[in-house]
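As written, the chain order gives the labels A, B, C and D, with residue 1 at the start of each chain.
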């Protein structure tokens, strides 16, 4: 193989030295691609060039050949860098594959089912900005007259966030009863997060609970983005917020609870900051604009509403989300 | 800067052509490192070489110079590969940083404490083959006369394995009582894994429990590497294995339980396949060799034993683990 | 203030013609041997892409004089299927992308400015510029 | 069946002496120019490591004849502080590891066999072998 390579190289060089045609340089370029494929290092190319030139132009002063020996010496480290590159490319590809597998694991791990509650239409969208998400949506319900929803956002993105979030998920697994009150739920999750995670990791979370018997939506927040309550009778939005520390800061954190009664055609939107802090090349999207987008589809189903808001904000961001995006709509029928 | 570079290069080349001394080649090599640092591509090196040679050896036939033009053409793609490498190194470093954060999250998430049990010396080593581990060791105990240890290995490595393993951890959190029997523990974890993880993910696990009152070690295995029981009185090893499906295959899997009585100076070694399937350039390490390594330190403390076995096998693998390595030694005093 | 010439790409020999045109123009602008080789390699890559994936198209070469800054532009255009995922095409370091350092990231590195315009089913125009320093 | 010679490393000039010895021995074994340059670069890297991190040590060169297979071994030893984390030292692609392609992974790539023995506070011995093909 190396001898074959030398022979081919010499032939292309010989032809080039005859008439210096573009044709020959093109063949040379194609051949250089082959050399890289065949794992020929740059110092070997110089060595091949030297011996080819010796054949084609014999009788040159010996210093010319010494100069090539020097050039070979200069190229060794370039060759090393190239070899290192090949190993890195391989590792990079493995990593990519690994991330894809991980995101599938995450998907299965975090799957959740919208509960069926009389008089309540629920829809949601959650889209990661990179391969793995740091946002989390989880529903609980008795499939009769109670529904609970947790919306959480782990600070940071990517793998560390995904790992930390799996913890919130297992916390939620221990809250399987939709009758549990919002501030109680946050207290449980807070203790789990506080115990398992080091100080540099924080999680914001809102837990909301709808009781069909009283048509009441109650909620508590651990430093999370406020929810929005659309009052159909007044055609305006009211922020729903409640005092509470981020999860994981203190084991004894207490969570205030708020509640509102939902009238017909009212809806509540719970979201992460990836919705409200949508960034376009020209800056943040105005809060007003976001409210207008939501309003414009208030007569559609909850799922259609969530999907429309995502589509609009995704488009405005040039299809490159800066943060994970999660939005839940709970609409009183 | 490029002119300065050319001047320096010419000077080193000129000196080399005079006497071809090693001294000059050493200077050349040092200079080539500088060239790479200064982002000089290999095709530029050839071009610099050409013009330096033109100065040092004027009057060579024009074909010599044409040959350098050809060589420049051949080097362009090598230069490109090198540039690509620099960008990949940068990306790799970012990724590495993220992985390190993730592995710290994992570390906190998975921290465990060796229980204090009278008459039982416990030591362990667990080392990931990459940044994130897919092996998991977890201890439970009443800090009196009972100790339980779980050793798990998630199929696959890296991020997906780490995510999946966080699940085993939360399963173990629900098994806080060291009085729970091995086959019961595996059944609980199995149901959690089966529920949360898709079909392509499997986990092997061994759970062992030592009861100081009866000096009995009981164990169950979910398709895990057998443990080793060293009988001091007979100076030989006995494998401890028990029937049981991998975790996550079927929700109703049942786990056989086995037990042995530990005599004075007996020890049990529980491990993952990263220990038994150590791979060197010449193939797998023989089982015999591994037993010899363990035997050779059987008089040391449990922790020293585990560390010695790791150090030896790590060295035999050229410090490049092919799989996560975990080994627990339980030694009857 | 621009002089533009072009080569249609139908066969592999047209790639050589495009390279020759690019090299001549680069020489006229005043680029040295190394930059000539880089510009020519970029043309090779773009022309081969047209030849392999779009079937036909053209390479235009433009000499630039922008307020005393001299340079050269390569405009590669085709009416092929368009690039379905530009993000993917611009990604670095895939051994599958036809070899180390090849592909569009390579062209971008060989030149100073780089821009892709593509529409599904309509075609692709790639503009790459190098300035004389 | 081995001939061994050695150079003590105390000053930077000793690095040159070690290179010279290695190159001469490599020539005698029959290695070509490119392999000579690779072996010499590996010696440079190992000797510089001794000079920079251990202060003093030696480079031994051994000509090998193993059942008709000819080769050369570089043995770099010092009584320095030892390498705290061998795994880290063998990792690829850190721009901080003193430049692209440098360091111990570079030495490993330049040679055929590579082995590190190190003990904290006792010192380090690195053995690297290249076979003639």
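The rule we apply is simple: contacts are C-beta pairs under 8 Å (C-beta built on N, C-alpha and C of every residue); 3 or more make two chains touch, one makes a residue touch a chain.
Keep in mind the model is a prediction, meaning the values are calculated, not measured.
In terms of C-beta pairs in contact, A-D outnumbers the other of A-C and A-D. Subunit A and subunit D, compared by their mean Cα positions, are separated by 44 Å. The centroid of the Cα atoms in subunit A and the matching centroid in subunit C are 33 Å apart.
Rounded to a whole number, the gap between the C-alpha centres of subunit A and subunit B is 26 angstrom. Contacts with at least two other chains are made by residues 40-41, 93, 99-102 of subunit C.
Looking at subunit B, residues 25, 29, 33, 36, 69, 73, 76-78, 81-82, 84-85, 88-89, 91-92 sit in touch with two or more other chains. Viewed as a contact network, the protein chains fit none of the simple shapes, being neither a path, a ring, a star nor fully connected. Under the contact rule stated at the top, the pairs of chains that touch are A-B, A-C, A-D, B-C, B-D. Across the complex, subunit B meets subunit A through its residues 13, 16-17, 20, 25, 28-29, 31-33, 35-36, 42, 45-46, 49, 53, 56-57, 60-61, 63-64, 66-67, 69-71, 73-78, 81-82, 84-85, 88-89, 91-92, 95, 98-99, 101-102, 104-106, 108-109, 132, 156-160, 162-164, 166-167, 170, 173, 196-198, 200-201. Residues of subunit A touching subunit C in their complex: 22-23, 25-26, 29, 33, 36-37, 82, 85-86, 88-90, 92-93.
If you check the complex, the residues on subunit C that touch subunit B are 32-34, 37-38, 40-41, 92-93, 99-102, 105-106, 109-110. Within the complex, the subunit A residues that touch subunit D are 43-44, 47, 69, 72-73, 76-84, 87-88, 91. By the touch rule above, subunit C contacts subunit A in their complex via residues 15-16, 19-20, 23, 40-41, 44, 93-95, 99-102.
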